[in-house]
Each structure stands twice: as structure tokens, then as C-alpha cells.
Amino acid sequence: MHLGKVIGKVVATRKEEALTGERLLIVQPMGKDLNKLGEPLIACDGTMSAGEGDIVYFVLGREAALALSKPFSPVDAAIVGIVDEVSPEE
Amino acid sequence: MHLGKVIGKVVATRKEEALTGERLLIVQPMGKDLNKLGEPLIACDGTMSAGEGDIVYFVLGREAALALSKPFSPVDAAIVGIVDEVSPEE
Amino acid sequence: MHLGKVIGKVVATRKEEALTGERLLIVQPMGKDLNKLGEPLIACDGTMSAGEGDIVYFVLGREAALALSKPFSPVDAAIVGIVDEVSPEE
Amino acid sequence: MHLGKVIGKVVATRKEEALTGERLLIVQPMGKDLNKLGEPLIACDGTMSAGEGDIVYFVLGREAALALSKPFSPVDAAIVGIVDEVSPEE
Amino acid sequence: MHLGKVIGKVVATRKEEALTGERLLIVQPMGKDLNKLGEPLIACDGTMSAGEGDIVYFVLGREAALALSKPFSPVDAAIVGIVDEVSPEE
């Protein structure tokens, strides 16, 4: 899984039927020190109700759809938790 | 999922039987500010009827085939929505 | 899916039983202007009978095996079409 | 699979129900000489009880969930072994 | 699939039960001219009995586990053939 921050959303009227009702958030991936890491992507919110500015962790790939109510949705990124604390110890 | 723009199409007479009738579009991936991001790829159109110039979002990987009428098609990228608006708030 | 050009083949006597009879081609990935893009990889030919020099498109990941006669083969890249024409319009 | 070192953990109260009770560790990927390799990621511990400082190997993608008690969890990285010794011979 | 060379092994006493008895080899990915390509990774040997120094080809992702006796193993790379000859023709 990866750390990220919710920085916006995508509005789409025409979309796959399986995606109806799913919130599409723009997530900026982040490193363990909450530094930016690469380019933002679009993730479904799953059941987390994440809001803008939240630090979250998300999954990529086929397993993302497992976080949705319809596990066979064509989805490849989903937020699966909201982070309280990251404690890197190096 | 990823943002992208439809910039062309691929014509192929000889192809996997499961892909017969599927439109193959060339999609330029884009960042949240609709900036170009990396190299174009080929995505199936699914049921979206996207046209050239459309801003779309697409899925990658096994889950792409879930957007097609034949979910076991050998496909790894599919357009699943047409974007009305992107609202990044940083 | 990705564009590529068949540039050679791999010969292997000892291989997974499920791969017996599958042709293994070396494919150079290409961009939309048929420019080289990254490193060549090995793809199964599926049912396409692609020859050296052919411009093809291929799938990556779990879905590649869906192009073979044995869909549970340990395969992660397969050619699924031979390209007649690419028409990028930017 | 990939080599890595456990360097911290993520605390999240709100998370997917399927992830309840799973430990989320921050893992720094490493090369064969135990050199750092790219950015840390978040991996489930599976059944390994890895501790901070442990050298581990982990899987990525859909197959990560196969290491958990709930194989349909939305998880894309899991620790599946603790390394005693790496013997690169070049 | 990808070309690689076996350059070592990983010894792990504590590991996922499904991985008991599987050999874990360190594989250096290679290009078509047998040049080094990126960082070594850990692959299961499947049924190939590859030895150090062997040129092999391997699969990545969910499909790697299909090369093992237990197809639901948490494994993301497996050797599926030993290469006799690579014939790139450009």
C-alpha cells in the first residue's frame, strides 16, 4: 500500500455503470516523511469517506476493486484507510 | 485510475477474437493539471464511445477487461469515464 | 495495450509444461510514432503468428494468459493483434 | 519477491473492515547487497510477526492478499518471509 | 516475460507456509543482448531446477504463482524456462 494525500476530485457524468455512486478522488502519493512522491492519481474512496487534505493509504491494481461494494468494478486504485500516524524509525 | 486524452486510434485487422468489435484508442496520460505525463498507450473504449480530444480516465491491468462485454478478454487498459471537470485543490 | 515490433525470438528447451508449443518472441516496445520505448521484452505469440518485423500490440500482466489456449499459463506478456495503421492526431 | 527492511509502522483507526487486526509496516526496499532501493512502501505483515530492523522479503500485487487470513482483502504488499541470509554470487 | 541470470539465493527459515520447499533465487534481469537491466529480484524456481549462472526467463505478477505446485501462493516472480539461445535481429 502507499501513503497519499487527498488533493481534489474528478467529476464525470458519463462513466462505467459499475462506477455510479463511487467518489473519485485525486491523491498525491507521499513518502514516509509525507514528502511528495511522483504524480497524483485517481482513486476510488471505497467506504472511507476521505476528505480533502486527509492523509490516506491506498492500494493499486486488481485488489483495489475489493474495497468497493462491487468487487468486479473496473477500478485500479482505492483508498482503504485514513492514517492517524506514521512512525518511521531508521 | 489515470487521466488521459484521446489522441488517435489503432487499426488492426488481425487480432484476438475476443477483441473483435472493440475500439482501440491511443491515449496520452495526463497529470491533474492536464499536463502530458509519460508515453501514450492503447486503451479499449469499453462502452464510453470516447472521441478524439476527449479527456477521459482509464484503468490499467486485469481490471480493465471488466469494462468490456467479455470480461476475460486479453486487455490491460480501458477507458471507464469521460471527465467533465478536474478540481485539484492543493 | 502497447505497440511494439517483433525483433527476434527466444529458444528454450527446458520450460514450464504449460508453455510447450508457445512461441516466445522478443518485442521492442514502441511509442505512437513507432519510436523505440524502453527495453525489449519476451511475449507469447498467442494465436497471431506474428513474424519478425511485424508491428504488433501486446498486453501485459495476468490478462496476457487469456490470449493463450491455456488461460492459467504462467505468462505475463502476449501479442494480441497485428497493427495495420496507427493514426495519432495531436 | 523483493528484499526489504522494516523501518516503521502506520497507525490507522479508520480502515477497511478486512484490514482490521492486520499490522501495517513501513518497508524500505533493498538490493541484493542490502543497499536501499527506491522509496519505502506499506506492507501487511501477514503471519510473519516481523519486527523493526528485520530483513524481510515481500510480494507485491494481487498475490499479496494470499498471505493474509482473508485472501480477498484490498492489499497490494505483504511480507512473506524473514531473511536469514542472502548469498549473491556474481 | 523477462530474461535474467541466476546470481544467488535467499535463505529464510521463517516464511509463509505455502512457500515451504520452494527455492528462492536471486535473478539479475537482462536485456536481449544479455546486458544487465535494473536491479536483481527474488524469484521462485518453480519446477525448473535452475542453477547459478543459468540464463532464464521469468514471469512477474499474479501469474508467477501459476508456475508453482500451489497456485494460490503469495509469490510474484517465478522462473518458467531456461534459455538455450536468444536471437535478436534488428
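Just so it is clear, A, B, C, D and E label the chains in written order, and each chain counts residues from 1 on its own.
Everything that follows uses one rule, which is that contacts are C-beta pairs under 8 Å (C-beta built on N, C-alpha and C of every residue); 3 or more make two chains touch, one makes a residue touch a chain.
None of the values given here were measured: they were computed from a predicted structure.
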{"item": "Both-way neighbours, i.e. chains that touch chain E and touch chain C", "value": "none"}
{"item": "Cα-superposition angle relating the copies chain E and chain A, to nearest 5°", "value": "145"}
{"item": "Whole-Å gap separating chain D and chain E, where each centre is the average of the chain's CA atoms", "value": "20"}
{"item": "Where chain A and chain C are represented by their mean Cα positions, the distance between them in whole Å", "value": "32"}
{"item": "In chain E, residues with contacts to at least two other chains", "value": "61-62, 64-65"}
{"item": "Overall pattern in which the protein chains touch one another (line/ring/star/complete/other)", "value": "ring"}
{"item": "Ring order of chains, beginning at chain A and proceeding to chain D", "value": "A, D, E, C, B"}
{"item": "Interface residues, chain B side, partner chain A - complex", "value": "1-3, 31-32, 37, 46-48, 57, 59-67, 71, 78, 80-90"}
{"item": "Footprint of chain A on chain D - complex, ascending", "value": "7-16, 18-19, 24, 26, 28, 39-44, 52, 61-62, 64-65, 72-77"}
